Structures are given as structure tokens and as C-alpha cells.
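Okay, so subunit A shows up in both of these, paired with subunit B first and subunit C after.
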Partner chain A sequence: MHHIGVRNIIKNWGAFSALKDVNLDVREGEFLSILGPSGCGKSTLLRIIAGLEEPSGGEIFIAGQNVTLDPVWKRKIGFVFQNFALWPHLTVFRNVSMGLELRKTEKAELYNRVMEALRMVQLEALADRLPAQLSGGQQQRVALARAIVLKPAVLLLDEPLSALDKNLRQDMQVELKALQQTLGLTTIFVTHDQEEALSLSDRVVVMNKGVIEQLGTPDAIYNQPVSEYVAGFVGEACFFEGRIEGNGQAKTLRLSDGTAVPIRGNGIQVGQSAVAFVRPEWIDLNKLDISLSPGSPQGTIERLMFFGQSSDYLVRLGDRQLRVKYKSDGPRLAPGDTVALCCVARVLPGNGAAS
Partner chain B sequence: MKKPANTILMLPAITILGAFFVVPLIWVVILSFLTSGPTGEVQNQLTVSNYARFLTDSYYLQDLLLRTIRLAAIATVFSVAIGYLGAFVIARAEAAAQTWLVMLVMLPLWVNLVVRTLSLMVVLGRNGPVNQLLVGLGFADRPLQLLYNETAVIIGMVQVAVPFVVMSIFGVLQSIPRQLEHAAMTVGATPLSAFRRVTFPLSLPGVLAGSVLAFGINVESFVVPILLGGGRVRFMSVAAYETATISNNLPFAATIGVILLIVTMGMLGIYQWAVRSAGRSTAVLQAS
Partner chain C sequence: MQKTLLGTTLWYVGTVLFYAFLLAPLAILIAVSFNPTAMVFPPQGFTLKWYATILEKPDFLHAAWASTLLGIMTAAISTGFGVLAAIGWQRYSGLLKAPISSLLMSPLFIPAVIVALALFQILFMLGIVNNIWTLVAAHVVVTIPYPIRNVMAQMEGFDVRLEEAALSVGATPRQALWRVTLPLLKASIIPSLIITFVLSWNNYTVSVFLANKDWTTLPLQLRAYLQYEYEPFVAAMSTILIVASVILLVVVDRTVGLGGVKKNN
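Presenting the complex of A and B:
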């Protein structure tokens, strides 16, 4: 049973089509992320669901109701804007209470509900402050409280964390998720940050140029992307192009330089040309002199990049560079070392043709 | 004075302001405390009699000062109401149209004030288009007296002040993100109540600035009351001019001028105070 239904939504800005026949079902209580680069139409889609933007065609359903023709103020939504959009002339309390004031909520109930919402975001002590007297993270919480105080049918979040710095963003991710689960709110979360989308969501939608490329669980999106585009956008990926060879279970991809990479995936047929990809953490590096995988691609270590909790090797492979996760149980490698790449690449379906 | 270079750079401005504004102003203030002889010569004798004469005579106090303030205030209310609508329309117009609309608002300022006011006399005259329309449509039996009364003066002052009001309110409306209104709509506000609860309160600094500007311009009107009032509507600046030229009483003309100045300064003071109390929200807008 869907809670939000997006049916054949089209949006044209003059000659440019921002959304091309988008269909999407969001389940009740689900946390769904829409992930994509800027300009892919993800924010436009969210604004159309909210009613802040009119679609050029198609229909929107919220909680079983066709709301396509309803203006924003009649849809039961909570919306959090990227730059918070708090009202600067009103206190935190009044920012949160406005929706209830507009519904002519009785005074005592209004007070209780506002304070309850502020307690949920740990801001009840700052109720009398003005937005300008708050930090970015606190402003974000006010925006969140303002959206949830009305007990909306759906919560729509338009890149709500992108204005925050990294540490705060991670804290807010945890809180946001906890809040969403406590309230059981159906949530659509728009972001361009793939880690954010993968870590928070029940399901992720990857959009590209006004089209949904893939809809699936974070695990499916990351490990079984349907296209080169998704594989490249959701995480670091190195692509191999070649012809499928082999017999029985063990199949390999023969590359144009004569080397071969072991592959896995669905519907692999020997003789076909295909595109496969590997993630940095799927690769083992072997020093060439002790190589156990003859015929596998070879590269040169260019440098080791240290990130604190982890490190990456940058490996030169012909005319391209790829990242390989450093593993503590692997061999110690130095720049200039020649290495063999040991990995099983995943074949993209349908030749992996992204576009 | 942090850097001597800044002081040097400011010297020309200080010199010009000092020589042509501050010194004459001080002279006018001194003049207002002197008296005029029988043939109009200024007598070097300090006295407060000019002020006593003005403040004790109900003609000057009621008929002149209060009328001036009243007419200027009424014109200000109309100017702000009309100017706000204009500013709102321009602020919500598309960017391309905005430039043209702003030009249109500024256009009257390129025409000499006397010419503008004279053309308004034609419009409001016995056989002017307004009367022709009123009679033609049957709203009036015969042409109405639209000139040489307070209404005419108010219409004239509104015409002068509206462009300034539009520009000061337009500037503030432009700086208010539309998203703030959209946010109100997401919590259930209709466009009208979103405007009333969000945009309008945030635009108040512009309304204040515009009304002070309009009042300042109106209260010092000279051409408008002379031409549209036709000498029948008493006005401070006109009275000062007539006292100086016809009555040849420079000290009393200076007194009228100084009192007018005090009224204007008083208004500015109230404005400063009002802005400071409303200033919190403006500061917030500018910071974000």
C-alpha cells in the first residue's frame, strides 16, 4: 500500500524537461531518499509533491487522496528547506506555533504541542530566542520542529543537512533518523550526498536528468547498480570493458589489453561484450613477484592517501587512476611498486549502457 | 579618526557642507532670534518675541503649523498605501519587467516639479479630464471644484512622494526571500495570511523609511501648495517665503523655517527610535 504516489509526473521549464514521466510509490512509514547531482530534478520532484511547484503533467497522491490540484496549504505535509527558511521576526516558539495558530488551535493545546515538538529536537530551553541567535544546527532543529508539530502525513526534506558542517551533519543524521522512526513518519529526503542517502534510508531513488535510474535498498543500489551512472554516483567505482569468457562457474572479462578480470553478476553470457565495475574495497593488491593471478591487470602504486581511520592507494592503471582501500593484512606497498589487481568485478546489466 | 588619509579625503565634502549648509543654517537660527525694523532692516537685538508671536497666535499655530502637519500626514498615508502596492507589484514582477517598472516609477523625477504640478492643474481643472469624466459618467451635474483646496494639495503631494516610497519599500521587499512565504504555506497559510504574517511585518522597516521620506518631502512642500492651493491653502514654507519677500520680515521668516525644521527633526527622531525597535528583524534579514 503506497502512502505517496507519484504518477507520470512531467515538468517542463520552457524547452527544458526537468522531469520526464516519473513514477514512484513511497510506503507508509518509509524513509526514502532521492539521490542525484544538482539539476537532476530531485528538488523539483519534491516541490511538486509538496505543491510548491505545479507539474506540467501527471498526478500526485498523498494518503490515498489525489492532491494534484490542491494548493500547498491544503496538503498535509511538513517541509524542511535547505536554508531552513525560518521567519526572522518571530521567536523559536512562534516559528513552531504558526501552523497551529492558523488552525485556531486552543491555547493550552497549542502550548503543549509546541513545547513537545521543541522537546523532541532538544530546544525547549531556547523557545524565546530569535532565529538569528541560534547556531546553524539549532536553526535546523527549529525547522524540523516546525514541520513535525502539525503531525503531517508526510515529511519532505530538501537537502536539510547540506548547510551544516560535517560533524554536525553526522549528529543530525542520527537524530533525524531517530525522530523519523519514533514518529513513524513517511519521509522523503532529497540529497546529493550518497553516504547520507545510503546510511539513512530504507530505500533510495537515484535520479539522473529527470529520470529515475534506480530504486532499491541502499545495499542493492551500492552493490548491484543497474547502470554505470548509478555505480559511479553512489560510490567510487572503476569500470572495465571487455568480452565475457570462461566456462562453468568461473567467468572472466577479457580486456582489450589482453588481461582478464574475474566477474560475477546476473545473466552473464559468454561471448558478449560487457561492462563490469569494482569498488575500492573489493580489490586486493599483490606484489607482482608473488602474484597468484597470472593475466590479471597490472598497475603501479602512485601514492598512499591517509584519511585517519582509513587509507587509499592510488594506483595507475594504463591511462587511468583508481583507488584501492588499504588493508592492514595486505602487503606493504610503496610508490613505484608494480602490483597485480586481484578482484571480482560485478557485471552491469544490459551492457551497463548508462545513456 | 583612525587614518588621517580618510580625514583628508572627507575635507571637500566637509568644506562644501559647512560653507553652504551648516553656516547658513546657523545664521538662520540666529536670525530667528533677531527682530525686524519698520522698513525691514534686521536689528541686532536678541529676542524670543518671534517664537512667542508664532506660538501664542492661533492663526500660526492652528491654521499654519497644524494644517501643514495634517496635510503632510494625510498625504503620507496615501503615498505609503499607494507606494506599497506599487512596490509589491514590482517586487513580484519578472526580472525583465522589473527594470522597466522601476524606470517608469522614476520617470516623473526627471520632469521638473513645476511642470509636473502645472500639468496636474490641467488634469484637475474645470474642463480637465477628471471633471469631464465625472460629468460624462453622471457622477456630477456640473464640473467640481478640484483645484485650490486641501484635496488638490494632498493629491499634488502624493504625486511627488509616491516614487520615493515605492523605491524604499521595493528595496526591502526585494531582500525578503520568497521562501519565507512558501514556508508559511507549508504550515497551512493561504497566500494572503502568509503575506500578512511574514512578508508584511518584515517589510515594515521599508514602510517606516518610506513614510519618513514622504513626510519630510510633503511637510516642506512649496511648489505644490502655491500652485495647487492657489494661495488659499496656508502652508509653512509658503508662509516663510511670503514673510521674507512680501512682508520683508526676514527674522520672522527664519522663525517659521526653524519651527518647520524642528518638526521635521522630531519626525526623524521618532523614526530612528521606531527603526531601532523594529531593527532586530531587519538586522536578521541582512545577516541571513
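Presenting the complex of A and C:
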């Protein structure tokens, strides 16, 4: 049962078309992320769903109702803005209570509901402060409390965490997800941070230049992207182009330099040309016995990059550089070592051409 | 060191002279208002009798009342329109944006006497007799650039998402205006009210063309009176005006800050 329906939404700014026929169903209680680079139309789509922007064509449904012509204040939505947009002249309490005041909520109930919302975001103690007297993380919590106090049908968030520093952002991700699950809120979360999208969402939408490239679970988006664009956007990827060869089960991609990479994927046909990709953690580097993997692409170690919990080798492969996850059970390699790349690359459908 | 000392001294001397030149006449006026003997300086004693005589001149009391009422109406209407114009102007993004702004500011660059004359001419041609509304309209025309400029300056840094946030919690656009936009513009609205009131209260040029007998303002009354005689009670009257203006300015400064008059935020 879908809860939010986006049907054939088009948005033009003059001659520029920001959204080109977007269709999307969001399920009840689902946490859905919209992921894409700057300017691809994420905010525009979210604002159209909220009613803050008028579509040039198409329809929006919320809980089975066609709300396309409803103004924002009639749609039952909670919206969290990127810069929080707290009202600077009102206290935390009044920021959260405004929506209830407008609905002429009875005093005792208003107080209880505001305090309950503030408790959920752990801010009861700061109810009398002004927004300017709060840290970024606290402001973000107020914005969240303001959106959920009205018990909206859907929660829409436009890059709500991007103004926070990394540690705080990770804490807030956990809190946000917990809150969303407790309340069972249908949530659309806009971000350009792929890790954030993958870790929080039930499903992810990847957008590119006003169209949806792929909609799927985080696992499907990461491991089975439908295009080179998606594969490259949601994670580190190295692409190989070649012709499919093989007999029986084992198929390989023969590259132009004569080396071959084992491949997997759906609908692979021998003789076709194709594009395949590998992720840094799919690759094993093999130094001691290059003959173990005859015909594999070979590269040279350039350096080891240390990140704390993990490290990457930077490997030069012809005229490009790729990342390979360092594995503690693998060989220890030094810059200058020649290595063979052992991996199974995943073939992109439809020659991997971006749609 | 020598040079800076000299510079500083010159700076102080200059400043003192400047203020002396500006304020000395006012000081003399105030001193004269307490002087028992008419129009001599230095004063020969101290009296409040000139202040008492004001109460015996109904013309002046009426004029003060007229000026006050006119000032209040002008301030309310001029600031009201100014706020609406500034908000509208900020949202409008068409080709006429720059010309409209110049048009709204034009009363600043045209001598008030010409504006007044033009209005007088039009009203005369239309056969409209001077009344309180023609006077208010004229005062609004010459004062409106100030609220527009003040509010526009503040609107420049205004984040429309604050209004959108209000809409998202269920406010209609009108409720968003009253609960979010206007309270946030307070820092430019209150100074605008005071400035337009003071400008209207002090205005002579426009009133002289457009006032009628029932709405003789205080500056007109003073001028009319001075044509025939000069008594220290005029100084007493002026002292009251000066003190009232100073009190008004201090009140604004203490509440919203005079900074708001110039640059807002």
C-alpha cells in the first residue's frame, strides 16, 4: 500500500527542466532516501511533494488523496529544512508549539504535546532558550521536534544533517532513525551523502539530472547498480570495458590490453561488448604468484592510505588509478610492487550505458 | 607622536566647535524660554510663566493636537504601505524591479515644495478642497521612502524558509506574515514609525500648501504667529518640541536601538 504517490511530475524553470517525468511510490512507514549530486532536482522534488513548489505537470498523492492542488498548510506534512529555519524571535517551546497554537489546541494538551516532542529529542531542559542560544545539533533537534509534534502523515527532510560536523551527524543519524521507527513515520530524506542514504534507508532513489536512475534497497543500489552513473555515485568503483568470452559457467571480460577479468551478472551473452565494475573490497591483490591468476590485469602499488579503522591501497593500472581495500589476511605490499588483481567484476545491464 | 597629538587636539577642537555651532542656538532658545524679561540674553532670572501662557493660547493647543494626530496617521499609513511595498518588492523578480525601486525612492530626490505644489495643483484641478486626508496623503508621499528603505534593507537578509517553515506547520500565508515575518521586521518597523512621525510633525513645506484652517499644524501656527510678534512663549513652545524629540529618540534607542534607523539587523 503506497502512502505517497508521485505521478509524472514535471518541473520547468523557464527553458530548463529540473524534473522530467518523475514517478515514485513511497510505502507506509518507509524510510526512503533521495540521493543525487548537487542540482539534480532532489530539493525541487521534495518541495513539490510538500507543496512548497508547484509542479509544471503531474500529480501528488498523500494517503490516497490527490493533494496536487492543496497548499502546503493543508497537507499533513512535517518539513525539516537544511538550515533548520527556526524562528529566531521565539523560544524553543514556542517554535515547537506554533503549529498547535494555529490549530487552537487546548492549553494543557498543547503543553503536554510540546514537552513530549521535546523529550523525544532530549531538549525538555532547554525549552525556554532562544534558537541563537543553541548549538547546531540542538537546533537540528528543535527543527525535528517542530515537525513531529503535529503527528504528520509524512516527514520530509531536506539535507537535515549536512550543516553538522561528522561525529554529530553520525549521532543524529542514529537518533533520527530511532525516532522514525518509534513513530512509524513515512519519511523522505534528501541527501547527497551516499553513506548516509545507504545506512538509514529502507530504499534509496538515485537521481541524475531530473530523472530517477534507480530505485531499490541499499544493497541492490550498491551491489547491483543499473548504470555506470549509479555504480560510480553510490560508492567507489573501477570500470572495465571489453568483450564477453567464456564457456559454461565461467565467463570473462576480455579487455583491450589482452587481459581478462572474471565476471558475473544477469543476462550475460558471450560475444557481446559490456561494461563491468568492481568495488575496492571485492578485489584481492596477489603478488607472490602472479602465475596463479594468468591473464589477470596487473598493476603497481602506488601507496597505502591509512584511515584508522581501514586502509586502501592505491593501485596504478595503465593510465588510471584504483582503490583496493587492504585486508589483514592478504599479502603486505610496498609501493612499487607489481600485483595481479583477482576479482569478479559485475556486468552492468544494457552495456552499462547511462539511460 | 607629536603629530598624532596635534591631530587629536584638532579633532577635539573641531568636534566641539561643530557641536557648539549646531547646538548653541538651541541652548539660547531654551535659556530664553526661562527668561522673565522678553528676548534678552543672558537671562535676567528664572520663570516658568511663558510655559503657563501656552495654555492660554487655544490656537496653539489645537495646532499641537492637529500635528500629533496628523503625525500618528502619517506614521501608521506610511509605515504600513512601506512594509507592504518592501515585502512585495523583495518577492517580485521581474524586469521592473529596479525602476520600481527608483520610483518608490523618488520623493527623496524631488524637493518637497515641488511635490507639495504638484499635489496642490492636482487637487485644485479636481476641485477637491483641502482636508485632513489630502494633508495625510501628502505627508505619506514625502515620508514613505524612509520606511521602504528601512524595511527593504532588513528584508534583504530575510530567509524565506522561515515563512515556509510556518506554512509547513499549518499557517496560512496571512498567519505566517503576522506570526513570523512582521515580528522579525520589528527592528525596522518601529524606527520607521518614529521617523515618519517626526518628519510629519516637523513638516512645514508640504503642510503650507495643503493644510486648511481646521488643520493648521504646529509649524504653521508658529510661523504665522512669528509674522506679527515675538514673545518668549514661542521659545517655550520650541523647548517642549526639542525635549519631546529627544525623549522619543532616547526611547527608540533604548528599545530597538537607533542602529535600526540606519542599517537594521
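Definition applied: the second predicted complex is superposed on the first by the 350 of 355 C-alpha atoms of A that agree within 3 Å, B and C clash if a C-alpha of one lies under 4 Å from a C-alpha of the other, contacts with A are read in each partner's own complex, and residues count from 1 in each chain.
Just so we're on the same page, contacts are C-beta pairs under 8 Å (C-beta built on N, C-alpha and C of every residue); 3 or more make two chains touch, one makes a residue touch a chain.
These numbers come from a predicted model, not from an experiment.
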Item to check | Side-by-side fit of subunit B and subunit C on subunit A, or clash | outcome: clash
Next on the checklist: Quick one: is A:52 in contact with subunit B, with subunit C, with both, or with neither? Answer first, second, both or neither.
Outcome noted: both
Next on the checklist: By the touch definition at the top of the document, which applies to A:132: first (subunit B), second (subunit C), both, or neither?
Outcome noted: first
Checklist entry - What is the contact status of A:307 with respect to subunit B (first) and subunit C (second): first, second, both, or neither? => result neither
Checklist entry - So, does A:88 touch the first partner subunit B, the second partner subunit C, both, or neither? => result both
Checklist entry - Of all the subunit A residues, which ones make contact with subunit B and with subunit C? => result 50, 52, 71-73, 77-79, 81, 83, 85-89, 98-99, 102-103, 146-147, 150
Checklist entry - Which positions of subunit C touch subunit A when the two form their complex? => result 159, 161-162, 164-172, 175, 179-180, 183-184, 186
Checklist outcome for this item: In their shared complex, subunit B is touched by residues of subunit A numbered 50, 52, 71-73, 77-79, 81, 83, 85-89, 98-99, 102-103, 130-132, 146-147, 150
Checklist outcome for this item: Seen from subunit B, its contact residues with subunit A in the complex are 177, 179-180, 182-190, 193, 197-198, 201-202, 280-281, 283-285, 287-288
Checklist entry - Which of the residues in subunit A come into contact with subunit C in the complex? => result 50, 52, 71-73, 77-79, 81, 83, 85-89, 98-99, 102-103, 146-147, 150
